[in-house]
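Have a look at this one before I ask anything.
Naming follows writing order (A, B, C and D), and every chain is counted from residue 1.
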Amino acid sequence: MKHLRQKMRHYTLSPHAEPAMTVTPGETVIVETLDNVGNRVNSEMDKDKIRPPLNPLSGPIYIEGAKRGDALEIIIENIKPTRDFGWTGQTSEWGFIEMGSPIWNIFKETIPTEIKICRIQGDRVTFPLKNGKTIDLPLRPIVGTIGTAPEAEAKSTTPGPYGGNMDCQEVRPKNILYLPVYVDGALLYLGDIHALQGHGELGGAPIEIPSETTLTINLLRDKNIGWPRIVSEDYLVTVGSSKPAEAAIKTALAEMVGWLMSDYSMDIWDVNLLLTATAEIECSQITNPLYTAALKISKSFLPK
Amino acid sequence: MKHLRQKMRHYTLSPHAEPAMTVTPGETVIVETLDNVGNRVNSEMDKDKIRPPLNPLSGPIYIEGAKRGDALEIIIENIKPTRDFGWTGQTSEWGFIEMGSPIWNIFKETIPTEIKICRIQGDRVTFPLKNGKTIDLPLRPIVGTIGTAPEAEAKSTTPGPYGGNMDCQEVRPKNILYLPVYVDGALLYLGDIHALQGHGELGGAPIEIPSETTLTINLLRDKNIGWPRIVSEDYLVTVGSSKPAEAAIKTALAEMVGWLMSDYSMDIWDVNLLLTATAEIECSQITNPLYTAALKISKSFLPK
Amino acid sequence: MKHLRQKMRHYTLSPHAEPAMTVTPGETVIVETLDNVGNRVNSEMDKDKIRPPLNPLSGPIYIEGAKRGDALEIIIENIKPTRDFGWTGQTSEWGFIEMGSPIWNIFKETIPTEIKICRIQGDRVTFPLKNGKTIDLPLRPIVGTIGTAPEAEAKSTTPGPYGGNMDCQEVRPKNILYLPVYVDGALLYLGDIHALQGHGELGGAPIEIPSETTLTINLLRDKNIGWPRIVSEDYLVTVGSSKPAEAAIKTALAEMVGWLMSDYSMDIWDVNLLLTATAEIECSQITNPLYTAALKISKSFLPK
Amino acid sequence: MKHLRQKMRHYTLSPHAEPAMTVTPGETVIVETLDNVGNRVNSEMDKDKIRPPLNPLSGPIYIEGAKRGDALEIIIENIKPTRDFGWTGQTSEWGFIEMGSPIWNIFKETIPTEIKICRIQGDRVTFPLKNGKTIDLPLRPIVGTIGTAPEAEAKSTTPGPYGGNMDCQEVRPKNILYLPVYVDGALLYLGDIHALQGHGELGGAPIEIPSETTLTINLLRDKNIGWPRIVSEDYLVTVGSSKPAEAAIKTALAEMVGWLMSDYSMDIWDVNLLLTATAEIECSQITNPLYTAALKISKSFLPK
């Protein structure tokens, strides 16, 4: 099994970077990732370490034979934390208040920067409170940022049709992620692993960990998809990114409509009414420059 | 047990209507509700019956002793469909395309009006497809519209702090709903029951049914709450309505922050980071004049 | 000329209120209006006077013969301030920061309530600065709130197809405002006059004055319009209210498209491209529960 | 005077491209620009020429000595059309209907692609109607896209703090544009000139022309600005880009608040109330991936 260790990480999904590794479709690869601040935070005192550049990405991985119009099929085999703790925290620039707003200019000095170190033991994460008590949380790791290179642009924290910083809870072990290919070799990047993340990623930095993430990468020829798709054990999922949040939802909806029409031979108005009765929507994040929503339908509700 | 049957329904939550019934706090009442078109749709041919006025509401119920600054505690005991079918459907004015937009003016003639009659048997709902097949769905009834009278305004389909047309999946049997009181007697209205509804209420009319809905209504004195709250077996839930969708989410978030600070003695920044790691968000609906989102935290993640 | 003086004002545009006056189409009427806080603020010390209920409205005026499907044609003849000062001010609930947001809960105590008394002399308004200097501004009065009664709802500060709290700079002397009629007699309300208001009404309370506002009210039979329209000396204007701001713009756009197609016999795609090259857009306000935008086209660019 | 003619254009504002020219601060340069489709459209039949890549950009121009934290001061000296016509047009992917929405999937086949060739003679532009008549419009050229290289990302049609595809009516001859510098030499790009553009850029392609655009480029050391600023004869202008439109407005507002506080020694709450009474807001465009708004205050209303 190939193992991607690299010195230099990237801070954009770019079509112009040199591949860090080449794989043949069907191969499984272990990718070492840093946390969102390059593993610089090690204690509650490391407040000055929470600063750009954020989200170092591993890769890009060149997939042999991948061409514009193909799709990658990526099985998230496993996400293994490579440190016995994750961190979460806040600054005056994240979360409750939007950086750059008029009110932010007034109050930014008074919002504290705080860090919590959350111990990881087996499948549990310990969340410490200020009063000395702790809350016991489950380990449910996700890949926060994963995407192929856009055709011309280089993107950092803005998610899009290529994937990117989606912070979507459905990009988790055992699920299969489909991504569009825009350039030769696809150029797959990933990083920004979270030990556990709530919908909305409300405060901006959920429990951040470095990892060894294991992926199997297949290639689907001429499988034109518009936006990322995910298949889990129980659901079909489409992922859209836009702003405001309802535009992200409608983007995911348009992709789902196309999917059900083409792969399940459904009439468009049947799709409309079936989703009206059964769709599930997860607002993955509303903190990145564009927001991400996942639209899901239970496989049990699909036509046989 | 009291039983509310009434001839005339209301089409707004208004502080000016005569009470249809008075209850003492602690009483349980069965309320008969019509479906969203006044039970006028009985077959797939009833296309001309889908038209305003929509959402006839039962009530208002006057709760003795309720005063501005109190809160109602409403236990949703049961929702019993009173017909062996529900209907779902679409018109050129609902769902995929926003009524009144420039493109709508062009294409509205070409969007079909369609009705599906979905049989209900026990706890199953049958969803018919155009190709003659059917999909088997579960019966999971919710109360689409429930609210107290606003202080001065009369509101029809716009949800707000008073509740109203929230179309929220958490307003379901066994859950407890809390609503602010603005006027003497609170004046509780409800209707618009759905046999099953997806997040987003994407097409506008999920599976619509008349019902007998059983509620136990308690009164909490001087329990100032800003927006509807719900307690389910496993979750604390706050419900916000605004536009765009992220504003609805942030409204629910503000209410949840206050709740956790006051009832669980949590530090505000602890709340921020705990919700960042564990919040669940449901976009109840993005089709009414204001959108509704529910923000949830698992009781298992609360400080002991 | 009729003169409307009344003791009791209204705080909603409601179809249920008793008419304060009846006019025959073609009549001119002088309406006395209070400022947005009922003339309670008279000095910079009156901070406790800035509180609900806001926007007392004069009327309703019953227009004889008006029926659903008609339109009112209202010539704004004159707006005369009836006090030698206006006030502007801010509280922790207006302007820079949205009331009810999570950050607002934290900082609301620290945002000052401030009032400025702005002297009015002839056509000039004096804006005092904290350092003792003043800025000389022009008097450009507008009617902030004007609307007909909705069909069923009673609305306070939410603008809509009926008009209402639009805070639109084009509702000013010499311009002609067209409003849809929903109920018998139309029931016209107005108030909330501003001596001068910027786009966006950013801080929430521009220079507030009581007034004598003179209107000539005509009736257009079966002139179905969807949203308020305005004709000024140089422009055709449509006014839309929604959220987010682009939805308000698109609402005004849809109304303008219909107007140019029907009254100027223009092809829809010609309209699209002509507006692309020449439209002017004013974001009237982004502080009320729904935002208002005005879309304008210069009469000089219309087909002859 | 330097004259920038170049064979290859760029399709992103990128920090990685080779400079096409180097200038010393204070120099004036004439830049040849192509129209938004690379001058490929020459008649109403050229429908297949309206396709990506869009917005070829001239540059980048390396400004000697420019460093992160500086600002460019760019005087738009002149914009000269280099062709006797401009084109405007529409496709199923622009304007009234958002590409990728569910409804778009249904109707895209039925939306026509249309091109109008608009003759330019002196300072007039002729807009042809389908019925054979014409409308006489003024020539009011603007620079649709102008910006410095972002620090890490490469951006195509998304405007931001660096400028970019703002399509702002205030970037016009005689006005002075200020842009932040992020990388050595600043790397200035421009293109996408419009002969005349309405607010909102509603249909997506206002009257597109190639040009010779003359700029004088100065360098302001350590002049940290957050977003583009413009000074015209009568106004101070700030330009924000975000989504939804009110977020773009609030971004421009935050920049203006800072400007008036630092350069005019104004108290923050004085600024708030002065802008409430006098701000002008232009929604430059609501068609690019992020929207752009300009916030303006008349110089006549500034403290002396």
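One rule holds in what follows: contacts are C-beta pairs under 8 Å (C-beta built on N, C-alpha and C of every residue); 3 or more make two chains touch, one makes a residue touch a chain.
Quantities reported herein were computed from a predicted structural model and do not represent experimental measurements.
*Asks:* Of all chains present, which has the mean Cα position farthest from that of chain D?
*Replies:* Ranked by distance of C-alpha centres from chain D, the top chain is B.
*Asks:* Looking at chain C with chain D, do both copies bring the same residues to the contact (over half shared) or different ones?
*Replies:* same
*Asks:* Give, as an integer number of Å, the spacing between the C-alpha centres of chain C and chain A.
*Replies:* Those two chain centres are 45 Å apart.
*Asks:* Starting from the mean Cα coordinates of chain A and chain B, work out the distance between those two points in Å.
*Replies:* Here the centre of chain B sits 32 Å away from the centre of chain A.
*Asks:* Would you pick out the residues of chain A that each touch at least 2 other chains?
*Replies:* In chain A, the residues touching two or more other chains are 96, 101-102, 106, 244, 253, 272.
*Asks:* Where on chain C is chain B touching in the complex?
*Replies:* On the chain C side, the touching residues are 11-12, 14, 16, 53, 98, 100-102, 104-106, 152-156, 158, 226, 242-244, 247, 250-251, 253-254, 257-258, 268, 272, 290.
*Asks:* Can you tell me which positions in chain A touch chain B when the two form their complex?
*Replies:* Against chain B, the touching part of chain A is residues 88-90, 95-96, 112, 114, 116, 127, 129-131, 133, 135, 137, 196-207, 244-246, 249, 253, 265-267, 269-270, 272-283, 286, 291, 293, 301-304.
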